[in-house]
Amino acid sequence: MNKNKFAVTPPMGWNSYDYYDTTVNEEQVRANAEYMSAHLKEYGWEYVVVDIEWYSYEAGTRRELYQYLPFGKVEIDEYSRLLPCLERFPSSAGGKGFQPLADYVHSLGLKFGIHIMRGIPRIAAHTHGKVLGTPAGADEIANPSSICWWNPDMYGVETEREGAQAYYDSLFELYAKWGVDFIKCDDICRYDMPSAKKEIEMLHLAIQKCGRPIVLSLSPGPALIDQAWYYSQYANMWRITDDFWDNWPHLVNMFERCELWQKHVSEGCYPDCDMLPLGYVGKGFGQERYTNLRKEEQVTMMTLWCLFRSPLMLGAELTKLDDWTKSLITNKKVLHLLSGSQGARQIRRTGEQAVWFSEDTQEDAFYLALFNISDESLKISVSPSEIEIMTFGDKELEELWTDDIIGGTEGPFEAEVPAHGARLYKLRNR
Amino acid sequence: MNKNKFAVTPPMGWNSYDYYDTTVNEEQVRANAEYMSAHLKEYGWEYVVVDIEWYSYEAGTRRELYQYLPFGKVEIDEYSRLLPCLERFPSSAGGKGFQPLADYVHSLGLKFGIHIMRGIPRIAAHTHGKVLGTPAGADEIANPSSICWWNPDMYGVETEREGAQAYYDSLFELYAKWGVDFIKCDDICRYDMPSAKKEIEMLHLAIQKCGRPIVLSLSPGPALIDQAWYYSQYANMWRITDDFWDNWPHLVNMFERCELWQKHVSEGCYPDCDMLPLGYVGKGFGQERYTNLRKEEQVTMMTLWCLFRSPLMLGAELTKLDDWTKSLITNKKVLHLLSGSQGARQIRRTGEQAVWFSEDTQEDAFYLALFNISDESLKISVSPSEIEIMTFGDKELEELWTDDIIGGTEGPFEAEVPAHGARLYKLRNR
Amino acid sequence: MNKNKFAVTPPMGWNSYDYYDTTVNEEQVRANAEYMSAHLKEYGWEYVVVDIEWYSYEAGTRRELYQYLPFGKVEIDEYSRLLPCLERFPSSAGGKGFQPLADYVHSLGLKFGIHIMRGIPRIAAHTHGKVLGTPAGADEIANPSSICWWNPDMYGVETEREGAQAYYDSLFELYAKWGVDFIKCDDICRYDMPSAKKEIEMLHLAIQKCGRPIVLSLSPGPALIDQAWYYSQYANMWRITDDFWDNWPHLVNMFERCELWQKHVSEGCYPDCDMLPLGYVGKGFGQERYTNLRKEEQVTMMTLWCLFRSPLMLGAELTKLDDWTKSLITNKKVLHLLSGSQGARQIRRTGEQAVWFSEDTQEDAFYLALFNISDESLKISVSPSEIEIMTFGDKELEELWTDDIIGGTEGPFEAEVPAHGARLYKLRNR
Amino acid sequence: MNKNKFAVTPPMGWNSYDYYDTTVNEEQVRANAEYMSAHLKEYGWEYVVVDIEWYSYEAGTRRELYQYLPFGKVEIDEYSRLLPCLERFPSSAGGKGFQPLADYVHSLGLKFGIHIMRGIPRIAAHTHGKVLGTPAGADEIANPSSICWWNPDMYGVETEREGAQAYYDSLFELYAKWGVDFIKCDDICRYDMPSAKKEIEMLHLAIQKCGRPIVLSLSPGPALIDQAWYYSQYANMWRITDDFWDNWPHLVNMFERCELWQKHVSEGCYPDCDMLPLGYVGKGFGQERYTNLRKEEQVTMMTLWCLFRSPLMLGAELTKLDDWTKSLITNKKVLHLLSGSQGARQIRRTGEQAVWFSEDTQEDAFYLALFNISDESLKISVSPSEIEIMTFGDKELEELWTDDIIGGTEGPFEAEVPAHGARLYKLRNR
């Protein structure tokens, strides 16, 4: 199987983290999936992803002390594999795991994904759990020095040890049986250590063996640019920043990161700008809030993510989606860039503005995005030579957020862009 | 002027450094140019580049103590611009600078290049030299803290100071008048300091103003991968390693560097693997030698440089070129990759081997290179899926160094490659 | 209790690590203690220290894979406190712990010490063990991200959490009851992290509370010189290098470390040069050997350790002690420096030699040590002014290893010192 | 000569920098010296030090662009040695250098010091100046890569080159002839580079050769704690922070630095807390101001400097000294600590307070300093055991700033200390 064919365009979907933190349950997943199916599927949104600690019985309790409660009760099978918490995911009873929920999501015409942590459960190592397909026990496969700094659930595996690959194989055999379409593996990116890197290869190999085209997404970021070839060899997407949240400095920083990674976007290989903290978020973190991003900033975010061709994962609670947010994420002309453009490149970046350019893959057209990252309204100007065209004079420019159509003139093209805002133009020959 | 049009394919030429160090003179440059014109031009070789300290009267004296003698006598004009040393370049007498030599090189159908150091001569700052086009003197433009660690000739400029751009403009006005086609600017790459980076922009702007399409090459390496966009915006080529010499570890290391930079090769933008230390080199360093690279290693080097589309600059003394070396650098099928291939990408790299792949831009053909970086002869095998073809069964493979033609069969393609050696295949449909 | 009074001179003793690694048992400890009592006690040797993993049932099995077998069976009480492995220390049966062994060591006129790892057993955290004196359980006190990189037994404690101090208090209450005189706490030195540093304070406080003057020794090294005040405030000794073994480069390096720490030796505060790998060592590591240090090197080591006033801990299996080694460690004149000298300071250190000087605290006498760290025999010369005396002319110099007595003359004092060897002189007025 | 005898107690004096920056002239130096002689000498103040760029004709011009104008005119002799600027120091005419000024200072019963930069003047290297006592020229002795990052006047010397020591020897021969008593050498401390460190040794050797007991002071800081032995071997004082100015964060930071260096104060060896920015300062920097330190902060500073036994160098313009400042720097009981105490050690340091302790060398008395580094008034308490006394009950405590005398009682001693303030007690037996 060619892993690049698992995701020929950047994945689009919803992820439970931004709203639910570690606490999402089956009912909530179903409600979001239903909304997506009814209202968003037609625009390309299709993945429904259950994020971190779905195996935990106590996740979210004692939230004032811990995001990830250590040493808490987890659901686990006899082969050291974590299973959904039965209380939160009742359909998983009887050893069915996520299969019923995945089936339901599939029945809505959508795809199903889950989050996992790199490694093998610590509790399995300490209790000498068995591992399917190998005589080695969890205590032999676990590397007691390979831990995640922020989550206490797992030990990394002893990558050179007999049986370590068998463990990962057993995981994906199970996930394939469940019908999982997407794995977000955490605590595996941004490492320079050979052993942690090796686990990326092991995951890839396990997917190849399991026979199901499961998309592999790596977290957290920032991924290391000097490992770009390595990621593209084994994964489908990898985070290029640390967690992205709804504040302007995070968004400004993303321009620098996109500059860095712009050459590395290709079929099945997506540098990932992280989830979109739109609409209502934050409930599981203790304080539900409407996104702190201003409307202009949201436009900037969507423009950059789409033009750069980042995966798009909604952080919003979908059942609470307001009209504005919905309009933002269902603009077909803008979303078209994900599947119908290529070669996005930065033309300019200063402390005040950024300009990007890309080309349509289906018609003789181009995209030009003007970003105002300053705190004042700004006239942004682009000369034909900067984007390697002869003239704007024979072009028509359609602004894709407003549907305004402008005729280009000789000389530079110039537009007024509001503070923190963006303009996204499609250029066609007149 | 679009600087990418100054070098639509990777520059090919000769550079005086590997053989002459700091000591080359006019007669020697002419002799090498004549050889190139007579024997190499038809294969695409065209640049003749005079490397470091052509302005120095004492360069190479006291070589046991200094590579770059400090505080020595230099030829300099009233505007703080270095001129060729009259003793070494007699045709420059009468204020003609490099114009006569450039004219001669042009008369041979070749192009002429020179090396410069970032900044303004220290001696000009200390003697309060004038600068053309600005009332600011050299003492005001020089930044006394911005020095090169290994060469004592220059101070970097005060990039924020009025007059600094005028200084660079005045240099390129002179170089354009001389007929210079290529500038290798040293002590300017691999810096993370804003001020040194800024000087790259200033050089670019000076070239734009001078009206002559001068290719801009940046040294030394290793260039910083996170500055890739910046280099590609302002320069034509930039070194991706420190000085490359004729030893195997340097060559092995280049595979890692090419992996890192593979996405950044495009028209007018060339990550640079550095000069080719072939044939006779080292005389100016105190010990003339025939290259220490074994024949297999030379094949490996030429294969990698051509497939990666690095600029090619010969370090050999051309007048002493032997038949073997000449055959190596005049293989038209191999050299064709520089101008007629694209999208080179690493397929595999281990401690023992590397595999690269690229496509022809003019016909429906592909290139496959197998490198043995181990110390034993090795069978290297490639499966069709790795290079995203259906089968080798319908392909014909021509090895471009030996002209052997092999018919592909079902399953993987495999070849025996000698230790440190390479095989370069062109794949066509049968 | 003033902790500096717990060790008014540098502790001297034996430690099980160099010979037994993790495997020492009660019988072996007794045999070494008996030897010490019979043959070494009169020279000041008094501590008998059981080193790492005395609580483990499987320590030393699978030695080819692990020095410290992870997830193995340990002896532990209901309050999450590790106890001696019953199989290896049978006298600890019935909940008596190390008390019977400590009693026996005390009956020989000696003192008893044990090694501990910073933190609380991982297994206690995962099984939610109780902790004496606090409602918090081991799972709440353990910090799942605070681990030792080389030993898998413990988690560091949550230093800011209620109950963490209670855990350490409960340990020392037990150790005091057992009659422990010396604690070597590992995985606690050389950290710059506030939390790990805090655990040093917690140990100190627990000792103060337990009512027994237990000497506190910190490992591993190198301790951080910028934390010198902190160590001296809370501990009695701290390692100034990583593990010291029987090879010459380790010994040469110690001169640099002693230079660094020379001002920090005072009553109850001892920078620690680590154990003395003399006689037979290495059995538990898989290969018993006679020390690789040559005789001259052993003299150098003993001279430096004694003059610097490092703690002295024998690594040798005492029951196999040969006459030479015994003579080395029972030279009363040399050992006298530990308790009867002060103010040791480096006079000179080059790549070839080192000179140190100190003063006797009981008589009007001085010590001068000449070290030859080159590979050739060397004449080493010291002028009176370097050691701030008027003249050698009125002095008598006794070499303390050979008992040779020399009269000083005017001018510098000079002696021939063999390669890797040392001369240690006591200077008295004639 | 034993360099430790050049400064048996910490030097006390005045330095031109804090008030004049680079601009001080002879008249101003004389005026300050006269004030010192008349009003401060009796309290121990004796050094008059001319700080940076006394050789420059243009120092302080273009102050908005440069603190240190590059490439400006300097006074220099035929042997590449900088001389006082004749315009600013007219008595130096006729080749007399600083001798007349030194003579005058000496005539007032004071000592004379000057600032120098490490190395040899750049202009001398570029003009191939001669060097006394060696055939090597300044161009051969100067190391063109060894520069100061903030001052453009000098090149460091080629420490391994014949003639480099001769240059430093020639400097100190001149300074000895002038009658210089104190050299503050700048750009020489805080380096980890072997070559810059070597220049410290070279200065020391030059002083030994010159025959005059010139105190050697090293700048800038922070000195490196792991080079402590090295500094103490060759210099008399060395800065332990970067430039200290009149603001509270700088003063708070000094407590950490004094903790670090407390063991390294001894006769002739003084870690240096830097100049005292008291009274009027800043004129040469463009804005004369009365010190920004509040009175309580000034007391804190003086208490710490005196107890730690730092050198004391006044930054104030002495001719403008007010009564408060004068009283602060002429408290004999406090200043007595410089010469009559020893063994200062930190007892405690938290984010809110610090406690220090030392002993008198002449009587059976001790010093206890309580520092409040918080922003609120604070009761600070010290138990007898912390300072290793039996009880306060038999002690009398005299506060040395207020002359208040308190009888100690059983239990801890406690005092209210104002925010940012200090209390300094002398403890005697009743």
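Observations on the model:
Chains here go by letter, A, B, C and D, matching the order in which they are written, and residues are numbered from 1 within each.
Assume contacts are C-beta pairs under 8 Å (C-beta built on N, C-alpha and C of every residue); 3 or more make two chains touch, one makes a residue touch a chain.
Given the structure is predicted, the values throughout are model-derived calculations rather than measurements.
Chains touching both subunit A and subunit D: B, C.
Across the assembly, the mean Cα position most removed from that of subunit D is the one of A. Mean C-alpha position of subunit A lies 40 Å from that of subunit B. Rounded to whole angstrom, the centroid-to-centroid distance between subunit A and subunit C, based on C-alpha atoms, equals 52 Å. Distance between subunit B and subunit C, defined via averaged C-alpha coordinates, is recorded as 58 Å. In subunit C, no residue reaches two or more other chains under the touch definition.
Interfaces, counted as pairs of touching chains, are A-B, A-C, B-D, C-D.
The residues of subunit C lying in touch with subunit A in their complex are 70-71, 122-123, 125-128, 139, 142, 144-145, 147-150, 152. By the touch criterion given at the top, residues 2, 225-226, 228-229, 259-260, 262-264, 346, 385, 388 of subunit D touch subunit C in their complex.
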